[in-house]
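Letters A, B and C mark the chains as written, and numbering starts fresh at 1 in each.
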Amino acid sequence: MSTALAERHTGREQALSRVQINRALIALAALIVLLMPFLVNSGLLYLVGVTLVLAVYSVGWNVLFSWAGLASFGSGGLFCIGAYVAALAIRAGWGEHFLPVIALATLAGALVALLVGLVALRRMSGIFLAILTLSLAELLRHVLMRVRWLGSEDGIPNITRPVLSFGFFDIDLSSGSAYYWFLCVASAILLGICWWLAHGPFGRRLLAVRHDIERASFIGIDVHRSRLVAFVVSGAIAGCAGALYAPWAQIVTPDLAGMVKSTQPILFTLLGGLHSFWGPVVGAFAFMAIDYFTRTLIGIQEVITGGILLVVILVFRSGIAGGWNALLDGALARRGLDRALARQEAR
Amino acid sequence: MLFTFINSLTLGMAVFLIATGLTLIFGIMRILNFAHGACFMMGAYISSTILGDMPGSVWALIGAALVSGLVVGVFGLIVQHVVLARLHGQDEHFSLIATYAVMLVTAGAIKMVWGLEFHSVDPPPGLDGGVSIFGTFVPSFSLFIIAAGIAVFLILDYVIHRSWGGKLAVAIARDGWTSSLMGINAPLGISVVVTGSFALAGLAGGLLLPNQTLSPVLGDTFLLLAFITIVIGGLGNIRGAFIAALLLAVIDGINAWFLPGSPGTLIYLGMVTCLLLWPNGILGESRL
Amino acid sequence: MTILSLRGIEKSYGPIQVLHGIEADVEEGEIFAIIGPNGAGKTTLFKVMTGESYANAGTVTFDGRDVTNEPPHLRTRAGMGRTFQVARVFNPIGTADNVITAIESRKRAQGVRDAPWWAIRPSVTTSEEAMQLLDGVGLADKAAMVASELSHGDRKRLEIAMTLAGRPRILMMDEPTAGMSSADREQIGALIRRVMAAGAGDGRRMTVVMTEHDMSVIFGLASRILVMNQGRRIALGAVEEIRNDPQVRDVYLGKEDQRLEEPA
């Protein structure tokens, strides 16, 4: 009930229309993303596809951070596991059964997250958890760099884009735009799952845990279990995103487990808007734009990224999504006021 | 065997030199400083600019390292006032991410100033050779690093646990509010410690400069090892960090002996195991 | 019938022993108050009862089952509700959402499914129950507010509503009127009486265990009182007995005793 009821109670019609405006914007953005293959060249399309995957991956991370209040600094490791599982499966010729391969990669991500979570979550949070996850991802990267069977430092190149086989009909994903649309569909499904988890009873439980652990346990919530489930879900999403990424990039390397990949969701979430569901998506595309326009300027890219991040943390905590909502609220309130004044004058 | 051991000990002490600054800043502000690795690199690049490719003498190397320490320390003071002080008392995740942002800015600035090419600097005369211990050739630069590590440990341990300033710092770290009631200037104390922490990063960069291939990714590897070291040592505990660095050296030695093909793997494995066994560090968590 | 019983509870923090062999039985349907000077061990005993900390020795039995080492969420599910000295609610979310979260948690634990598994919004019965509970504590008109916007007294009411959402058989209240105006204090007292009168469902009576500083609240509400000093039980009995107990007068009600100042 809550939101709808809340609006009815306070008569906040503006809040409702803000939601409507944002919904329209999301639909518009989705449409543009869908039409991308007709709008841009293949290089840019590749970039948009990667950003889409990273956006989904970051939303998964953010469910863990903004809902359960846990910061993992090693999600890149899970992304990497998913990517390697998919790459290996395709190399082994299972490309035709790509959907089960994705399921396998998702399961792998979830399983590893479960193992880490079982050992770590009960005893640590905050900085210790950050360091542990960071070192685990780094351990994975080191191991991958040494295993010759997995291509050592060069990773697994030349991953072919698969053909989806449904028995009686096949969908060929080998062309760039076909796989791109497949990415769009998969991302939409994953985002839908995340949305459902974050806004349903499970999300409400997690929020309770994040806001006040003790209070949460005194309304009967099993705090440890809720966190563990969030950790596993986030791991599953990371693994799945990794599996989607592998055939798109056509190469996987141990660097996927590195610190850069692990910290990307953090940057996206902060820039896009903390505690906002769409924040990481907005942030991912904003960062893509920054990266794209500063790609020739060595060093400046990082200075700009870091600088923006600092500004967000120090003065603009709510990020792009929060800023946009505040702007919209302000504008709507002004319009509402104008209308009320006009009505009064007319009277 | 001895050669392997000395090599590992050198790595351990090098990591310890970097970890000292991290320990200090964590001890007083509860901040895990991601920018530390980048500051270490900054120190190394500054020293290399001062020294050129061929340092004149050991003293020139140490002098350049001290200058780098000073410059990076001033940078730390700026970071403290512009960034960290404002995040004091907020959710720890924010300062964690803020230092990551500072790291990005610093690393980017380093690339802009010094470019992407690899630099390398030779050890100064007097440290470029080696000595023979029990018939094994040992590079004298390794001995220099080990000596520097031990010296820095002894000095810091004295400063923190014996000197008046150290006791003040410990008091601030334990309870900043109460100590400010007792007339201690806590913000000043924190600034001093943070400056010192950054200065130590710069100093480490200068000292460890020779024999390293200077490239923009140098900081990352060391940073992670140093992170692990201070976490194992019990965050914010200099003695713990020293012990953890020695442990790291031992594990690295075992790794080099039994798994020469995959350097580094055992370290991470060992450290993860340590973390799981003692989530609060070997000596337990303490502030400074 | 005894609903909560403490047998030989010992608790130490490091070398300092805070509780020395506490024995007490809380009877169903009573308001049981724990009093004592600062540092007497009230809060520690309270935490041992609720599961926030565990006793080093002794047993806690709740409703016939040994809960000594059970974590809070299991005790809550078994029918123990708890409020905090400074009301703790989930600040950034809506007042109604606070209660809804609590109701959903209870239904989940009980295996009650009144919404399809894919439903995002809470079920109609859950929403209605939430409104009833808010109405019961006098917050119905503030259901749409964000919890952080509520006043101190309203937050306390919301916390009680959340706790009642768990359908508790016993309410553990840590200083329910601390820091309140006297008007608010009386309202909370009246609320507690209403809750007692309403019972715990299934024809069973509600029980309240509370710690309290304010003697007027205690003497107005409590059926029996446990008096503690320096980690020991020094008296347990009906209000009148306690009022006339010379030892209690000595340490707590009467003249200022030296022991009052000592931290336990």
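Note that contacts are C-beta pairs under 8 Å (C-beta built on N, C-alpha and C of every residue); 3 or more make two chains touch, one makes a residue touch a chain.
Note that the structure is predicted; figures quoted are calculated from it, not measured.
Asker: Whose Cα centre is nearest the centre of all Cα atoms in view?
Answerer: A
Asker: Relative to chain C, which chain has the most distant C-alpha mean position?
Answerer: For chain C, the chain whose C-alpha mean is farthest off is B.
Asker: So how far apart, in whole Å, are chain B and chain C when each is placed at the average of its C-alpha atoms?
Answerer: 50
Asker: Could you grab the centroid distance between chain A and chain B? Build each centroid from C-alpha atoms only and quote it in angstrom.
Answerer: Using C-alpha averages as centres, the distance is 34 Å.
Asker: Starting from the mean Cα coordinates of chain A and chain C, work out the distance between those two points in Å.
Answerer: 41
Asker: Of all residues in chain C, which touch chain A in the complex?
Answerer: So the residues of chain C touching chain A come out as 50, 52, 71-73, 76-77, 81-82, 84, 88-94, 96-97, 100-102, 104-106, 108-109, 118-122, 127, 130, 143-144, 162-163, 165-166.
Asker: Which of the residues in chain A come into contact with chain C in the complex?
Answerer: 1-2, 4-10, 196, 199-201, 204-205, 207-208, 211-212, 214-223
Asker: Once bound in the complex, which stretches of chain A touch chain B?
Answerer: Touching chain B: residues 65, 71, 119-120, 123-124, 126-128, 130-132, 134-136, 138-139, 142-143, 146, 259, 263, 266, 270, 298-307, 309-310, 313-314 of chain A.
Asker: So in the complex, the part of chain B that touches chain A is made up of which residues?
Answerer: 30, 32, 83, 86-87, 92-94, 96-98, 100-113, 115-116, 220, 224, 227-228, 231, 235, 261-262, 264-265, 268-269, 271-272, 275-276, 279-280
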